[in-house]
Amino acid sequence: MLYLARMDVHFPAHLAATEIAHLQALEKEYSQALQESGRLASIWRVVGEYANYSVFDVESNDQLHEILSGFPMYAHMKIHVTPLAKHPNAIR
Amino acid sequence: MLYLARMDVHFPAHLAATEIAHLQALEKEYSQALQESGRLASIWRVVGEYANYSVFDVESNDQLHEILSGFPMYAHMKIHVTPLAKHPNAIR
Amino acid sequence: MLYLARMDVHFPAHLAATEIAHLQALEKEYSQALQESGRLASIWRVVGEYANYSVFDVESNDQLHEILSGFPMYAHMKIHVTPLAKHPNAIR
Amino acid sequence: MLYLARMDVHFPAHLAATEIAHLQALEKEYSQALQESGRLASIWRVVGEYANYSVFDVESNDQLHEILSGFPMYAHMKIHVTPLAKHPNAIR
Amino acid sequence: MLYLARMDVHFPAHLAATEIAHLQALEKEYSQALQESGRLASIWRVVGEYANYSVFDVESNDQLHEILSGFPMYAHMKIHVTPLAKHPNAIR
Amino acid sequence: MLYLARMDVHFPAHLAATEIAHLQALEKEYSQALQESGRLASIWRVVGEYANYSVFDVESNDQLHEILSGFPMYAHMKIHVTPLAKHPNAIR
Amino acid sequence: MLYLARMDVHFPAHLAATEIAHLQALEKEYSQALQESGRLASIWRVVGEYANYSVFDVESNDQLHEILSGFPMYAHMKIHVTPLAKHPNAIR
Amino acid sequence: MLYLARMDVHFPAHLAATEIAHLQALEKEYSQALQESGRLASIWRVVGEYANYSVFDVESNDQLHEILSGFPMYAHMKIHVTPLAKHPNAIR
Amino acid sequence: MLYLARMDVHFPAHLAATEIAHLQALEKEYSQALQESGRLASIWRVVGEYANYSVFDVESNDQLHEILSGFPMYAHMKIHVTPLAKHPNAIR
Amino acid sequence: MLYLARMDVHFPAHLAATEIAHLQALEKEYSQALQESGRLASIWRVVGEYANYSVFDVESNDQLHEILSGFPMYAHMKIHVTPLAKHPNAIR
């Protein structure tokens, strides 16, 4: 079951550069494990913004929330989720 | 080069059901040819709305505009395009 | 799996009162069948507006879209869907 | 009498993790007492967001405000309340 | 129990001046009966707009919806309702 | 001459609880004096929000601004003012 | 007493060019009489839009509403009024 | 003196295809004359939308309004103008 | 050449009262010099807000930007500029 | 391939004036190198705002994101990118 998520990252002003780098390293690891498992089907950077659009392929709303709230940078992201359905014109 | 497009369809009130059905048939044909050529990489229905999110894989901004403005239902769609870049955490 | 949907109804100006009444009768029948099946768990009127908030209990995004796009008044409604997850403080 | 409330939580950046955990524990206790009393009829997490939709069943506007402003995390929440009425198609 | 309502009137373009005048006469009658009963506690025109702010004093959300949806011009109004509570600084 | 004002209170994160309590006490005194003089005709709490709707009865725009900017919590409030006129259907 | 008003004109699609020209002629006459009386202190066109910003100098909210609702094109304008006060830095 | 304008075109539903084509031909002629005179320095299509961003190089606000309101499709366009100044980092 | 500017002032929370008072004194001086030179033709307070609407009479976009960015409180203001043209109904 | 970008600068309140000046010097250098290479075709200041509109001429979405995220002040800017296509009426 597919969902489109847009995630915008906003670090608070006081966060040290090393803390940010640490969070980003954890985020990369988490994100890549999700991709390898197939749960995170696609992830793209929005040009010019610290934001991404991602497509998730999960079993349920609850599983998606568990995955999203597990992101190491979750506390610093604004996430908006759009549930997707099969398009009648899709050939796949 | 990838772009995310959201398209919302709004038919004018006076359009006959047969005209709508005809436009939809043309749209399907056009959409499926685009998918077969690889230009339209993905297309999903937004749950509960007459709208889709689509991922286009094209050579240039101009080519994308030509494709989008060629949709048979183009005059009845509100389209918003977001250019995408490779995400640093993407494994593909 | 639960979803919250807000639906706003806007009939086009030219629709005759009898056509509206007919659509509303079909809508009632469809809505009540959904409630009896348990798919439509709750439906409330927004005070002062021709709009409702509804809670759907369905198997998948695709099933929800099928249900929503099957509403007799679907062409005259603006629908926005929010996927819901279990709240950690919920006792049920 | 029913109301739908959406609550979005935003902790200020300087709040310590232990303070947040303490507030969350108080919140859970308060929320569960409200559910047991029937005042808080339903509570769901919005997928991907630190937010909830809740349905309150109370005697009056004043009682609802007293309940909402009593939440331990009230100072850190943005709340929007929508009054609900019986829907003519509802079977319950 | 008090509610603030803002109502914006938009007549469709094809409505004849006599039909509008007729609706307005019915509206006046309905509004004044509500005021006499005390249900409509106050009504003011928004300067420069075909809109009003009104304060309703009713028993319940359901009663308010019944009153609002009974307005002769209901189909041509966009209404937004805000539930009000006693203010801690109010002296009345 | 009547005006509707909506005031939303946002205290900065660093303000101590005692400072807030002090401001709130001054605010109450100021608000009640305004009510006794008749300048502040009504004040209601918006259910679930640290906000109020108020009706002011004053001589002029300048007098209203003087009153509003004199509120002890003025620096921490977002205020929006709507000028009101007599409604043609009002019976008072 | 001063007010800033922004007025946006939107004629319905079916209005004939001669009807529009007639309304515009009436509007000019009405606007110029208001300027001569001093009630309409200034009027400017917003560059690129069928819209104006105007400054009114009137006795009361009620008088302003009477003036605005008397505009021949009132039914085709969206008006937003902002009450103005003397600025502490103004030298006039 | 430079201005950025965004123009969005919306033809009313009843306009015949031949009328639209005629307006578009007039528009092209007008636009190209403006470009040749240097008044319209640049014009670009927004990808996927019936809209453009244009840079105008004119003597004054009044001249710009005269140019914009002279567009053959002016009645069917929503225009928003942003005045531009020299950027301190610009090398030209 | 005329422009309407709306300026909203937001001081950061940590700014001391004496710093604010100092900035306000500089602002007053700057504003009054601009009024005496005729560049700032009018300035009004928005009732209930720390904001003003101002009319500037300047030679060019560049001159206006130089004036606005020279305001002592510029770093703490959100400014939006609307270019104005002569209104066809204006008698002055 | 052309893109329009709007960039709004917001420095956090705690940033020292010398740090800001340092960032601005780096920004100027970076911006001017981009202009000399032809990648940044135009850059204009928005009158009255700490913001710019820029036109980029690049090979791809990825190249644009690399350029934008390389701006020394990138962490303090909100950027919105609009992809542009050739306009059918453009003569160049």
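Per-chain residue numbering starts at 1, and chain names A, B, C, D, E, F, G, H, I and J are given in the order in which the chains are listed.
As a convention for this text, contacts are C-beta pairs under 8 Å (C-beta built on N, C-alpha and C of every residue); 3 or more make two chains touch, one makes a residue touch a chain.
In this text the structure is predicted, and so the values were computed from the model without any measurement.
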{"item": "Set of chains whose contacts include both subunit J and subunit C", "value": "A, B"}
{"item": "Given subunit B and subunit E, the chains that contact each of them", "value": "C"}
{"item": "Taking each chain's C-alpha mean as its centre, the one farthest from subunit B", "value": "F"}
{"item": "Cα-centroid distance, subunit A relative to subunit F, in whole angstrom", "value": "43"}
{"item": "Chain centre separation (subunit H, subunit I; CA means) in Å", "value": "29"}
{"item": "Whole-Å separation of chain centres (CA-atom averages), subunit E against subunit I", "value": "39"}
{"item": "Per-residue multi-chain contacts in subunit F, two or more chains", "value": "2-3, 13-14, 45, 47, 61, 64-65, 81, 83-86"}
{"item": "Set of all touching chain pairs, with the criterion as stated earlier", "value": "A-B, A-C, A-D, A-J, B-C, B-H, B-J, C-D, C-E, D-E, D-F, E-F, E-G, F-G, F-I, G-H, G-I, H-I, H-J, I-J"}
{"item": "Contact set on subunit E toward subunit F in their complex", "value": "2, 4, 27-28, 31-32, 35-36, 42-47, 52-53, 55, 82-92"}
{"item": "Interfacial residue positions of subunit J with respect to subunit I in the complex", "value": "13-14, 45, 47-49"}
{"item": "Partner subunit D, residues of subunit A touching it in the complex", "value": "3, 5, 12-14, 61, 64-65, 68-69, 79-81"}
{"item": "Of all residues in subunit D, those that touch subunit E in their complex", "value": "1-3, 60-62, 64-66, 81, 83-86"}
